[in-house]
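Each chain carries a letter (A, B and C) given by its place in the written order, and its residues are counted from 1.
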Amino acid sequence: MMGSYKPKIGPLRMGGPRALGDFAAIVGIIAVLAVVPFAVTSSYLLSALSMALLFGVITATYDFASIRTGYINLGYTFIMGIAGYVAFLSTSSPQLLALLAAVGGALGGVLMALPGFRLRGPFYAMATLIFPFVLIVIARTMYDVFKGDDGVPVPFWLPVGGPYAYYLVFSFAVVSLLVLYVLIRTRFGTILKSMSEDEILVESNGINTNIIKLVSFVIAGTIAGISTFLYVSLQGVMSTAVIEPIPLLIYMLLACGIYKPGGVVWSFMGGIGLYMFDIYLRGATPELRLAIISAMLIIIYFLIRGRHAAR
Amino acid sequence: MYEILFFSLVLGSCYALMTAGFNLLLGVARIINLAYGAYMALVAYLYSGFSESMPVPIAAMLAMAISVALGTFGWIILRFIRRDEVLMIVVSLAIALLIEGALIWGYGPYQRVVPALVSGSLGWVSAQWLLAILVSVAVLAGYYIIIGRTVIGKKMVAIAENADLALMMGINPAKVYLFTTFLASLFASLASLMISPFLTVSPQVAWLYLTIVLSVSIVGGLGSVGGSLIAAFLISFAERFSAYYLDPSVEPFVPLLLIILVLLFRPQGILGRGATRWA
Amino acid sequence: MLRVESVSKRFGGVVALDGVSVEVDKGELMGLIGPNGSGKTTLFNVVTGHVKPDNGRVVFDGMDITRKPVHLRVKIGIARSFQQPKYFPSLTVRDNLRVATRDEGLIEEALKVVGLSGKSSVPAAKLTLHEIRRLELARCLALRPKLVLLDEPMAGLAMREAAELGELIKSLNSTMGLTYVIVEHRLSSLFKVVERVVVMNAGRKIAEGTPEDVVRNPLVKQAYLGRS
């Protein structure tokens, strides 16, 4: 291994056994997901799976912007809230909805990156946790506009439950993952990774770390915003349930820690799995559900501990 | 008008009391306790549960006794988690969820009314309002006497200032931390008894409490008890007056706006010291 | 090239810098010595922007940079290494440098100059201390600096490794015209490299001159003997 010659392929690097293994896994997963509609006939299951795919994408963006940079964000669902409200409160045309959700998501990303200019570590985590809670309070008190827990109704444009909706979501997921996968293999991705290891050193390399945080959250927010648009379209209503950070955030944290931090594809899969698990859990009593989720939280700790102990 | 002024004072004192406990834990013991709101919800439920079968003052005292004992006992867990910041966040969130689950299991997911500790009123001022102010003022004054006059209080300040130095000076931190946890539990329990009667309480109220505590702490300065006092009244007055003069719908935006302003111009908070330093 | 004008900095009760003025000329190899806690690292931090001074100015290439953020100072040509070596442990050696520049050719060159070409795909966590010091140097080179500040680059190295590093620094100075300020406690190794030395004690500059002059200076002797 040591000293072996490594060919340069522009700024984009493939190669190395691990990257190859990842690549094979990704292709395998995509292939399996592509044929799902032939195997699954239940339209309920198919739409559940579509939502899980979208949640997987959102988790992958969370991994990209938050876990990878070491800015653990506990209010990521705020981005979904902003994207959803910006889009569904202003228009009903599907194309415009997608566009506005992307813009809203980017805006949410900016807002989530801002506290990171001044706070880090647990302080950043605490500050960001407030955002979705405040948004929920706002959505409830300004019921006339946001319709609180009942939610803003969504125009019907997506035939939910059929293979068409699934394949739309599936192609979106594949494209998003590809974008993230390529991005983390560029210099920008290397810088994101280096941020979590030593931010002071990144600055000493002549890099404005605030811009890095901003750009990563805007990219993540834009993709998460479009995902939210599809997610809400499948669900049929844009309500405070979309913003509720618990338990979604716990699933995201858990999914990002499952394999190795910063592997967006693994986070994507983890997100899908945990979302399906959550759907299964919904049949359980609420207290059992809370107990299981809190047990998961403790698992997360052990999964992400190694990385923090290294510092 | 006077009513608004007075009610701002009432809620401000409740905010101050609840945030003081959180920041005490953060400032002295370096613990981020995200289960704090759930703990307050637990107190409210215990009290309201007991009050169904016994007179209100006895129910309040029983609830206080149980919850302060529980909270102080919670130090055993808190001591374990303060080793790692991610662990603090994750485990305290898990505890919050467990408490929420226990409340749903024990009392059902419904809204419930928490009875006022005292009934009656003086003119337009209800007795519960007066009590809330009196208790908050008394407790916080007591706190300042403790840290100013007593040995354990001075040790608390020493540890908050510089834990390593305090250790070198021969202060045994274990006792101080236990006492700090006791104080924080006391503050949280009292605050919950004061503020819960103003609200309709459901198990989710845990997150409302946590939102208030975090907002006030960030504005006042994380880990600073003095800062949380100022921020509590600032937020409370700003909320009430913006609702009165501008529009009731702007009220929930006020804390968010203040947080953004603070993050922009004074990221460590009003009285905080370098929130960016130990992280 | 660099002019520090009567800079002061207090940390609480500690006066870390007390009206320090230092000038560094282009192409110079300057040593900065002083007992522990005399303010050498703080002076570096003021020059790089990691610490904002209470008073005084920092002028670089005729530009007042006292209030400039860290990353912009790097962009105008100030690179540094840290007393506690800093690097990205989980990134490969080459990726460590990729954070500094997007120019792949420059990275190869920097690695070759410090002799780490063979280790370019090894994670930095696997490097020895000697290699890490050279990685830090390579990172500074990849930033295309005019001025390089090295904070105890030889600490923890064996005699021969220290000498090697000294030679490397010297050759970079003559071939690329890089200006250096080096903080070092190993005076004998340092004096083989630098042409001029500034001595600090308790936040003040107490002497400056050639290595020979400085070691004879009674104030310097006192500063070094007076402690312990």
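Definition applied: a contact is a pair of C-beta atoms (placed from the backbone, for glycine too) under 8 Å apart; a residue touches a chain by one contact, two chains touch by 3 or more.
Just so it is clear, the structure is predicted and the values come from calculations on it, not from any experiment.
If you sketch which chains touch which, the chains link end to end in a single open path, with no loop closing it. Among the other chains, the CA centroid farthest from that of chain A is the one of C. Rounded to whole angstrom, the centroid-to-centroid distance between chain A and chain C, based on C-alpha atoms, equals 42 Å. Separating the centre of chain B from that of chain C, both taken as means of CA atoms, is a distance of 48 Å.
Centre-to-centre spacing of chain A and chain B amounts to 32 Å, using the average Cα coordinate of each chain. In chain C, no residue reaches two or more other chains under the touch definition. By the touch criterion given at the top, residues 48, 50, 69-71, 74-75, 79-80, 82, 86-91, 95-96, 98-100, 102, 104, 118-122, 139, 143 of chain C touch chain A in their complex. Residue ranges on chain B touching chain A, taken from their complex, read 32, 34, 84-91, 93-95, 97-98, 100-102, 104-105, 109, 207-208, 210-211, 214-215, 217-218, 222, 248-249, 251-253, 255-256, 259-260, 263, 267, 275-276, 279. Of all the residues in chain A, the ones that touch chain C in their complex are 1-4, 6, 8, 11, 187, 190-191, 193-194, 197-198, 200-209, 310. Residues of chain A touching chain B in their complex: 72, 74, 114-115, 117-127, 129-131, 133-134, 137-138, 141-142, 246-247, 250, 253, 286-291, 293-295, 297-298, 300-301, 304-305, 308-309.
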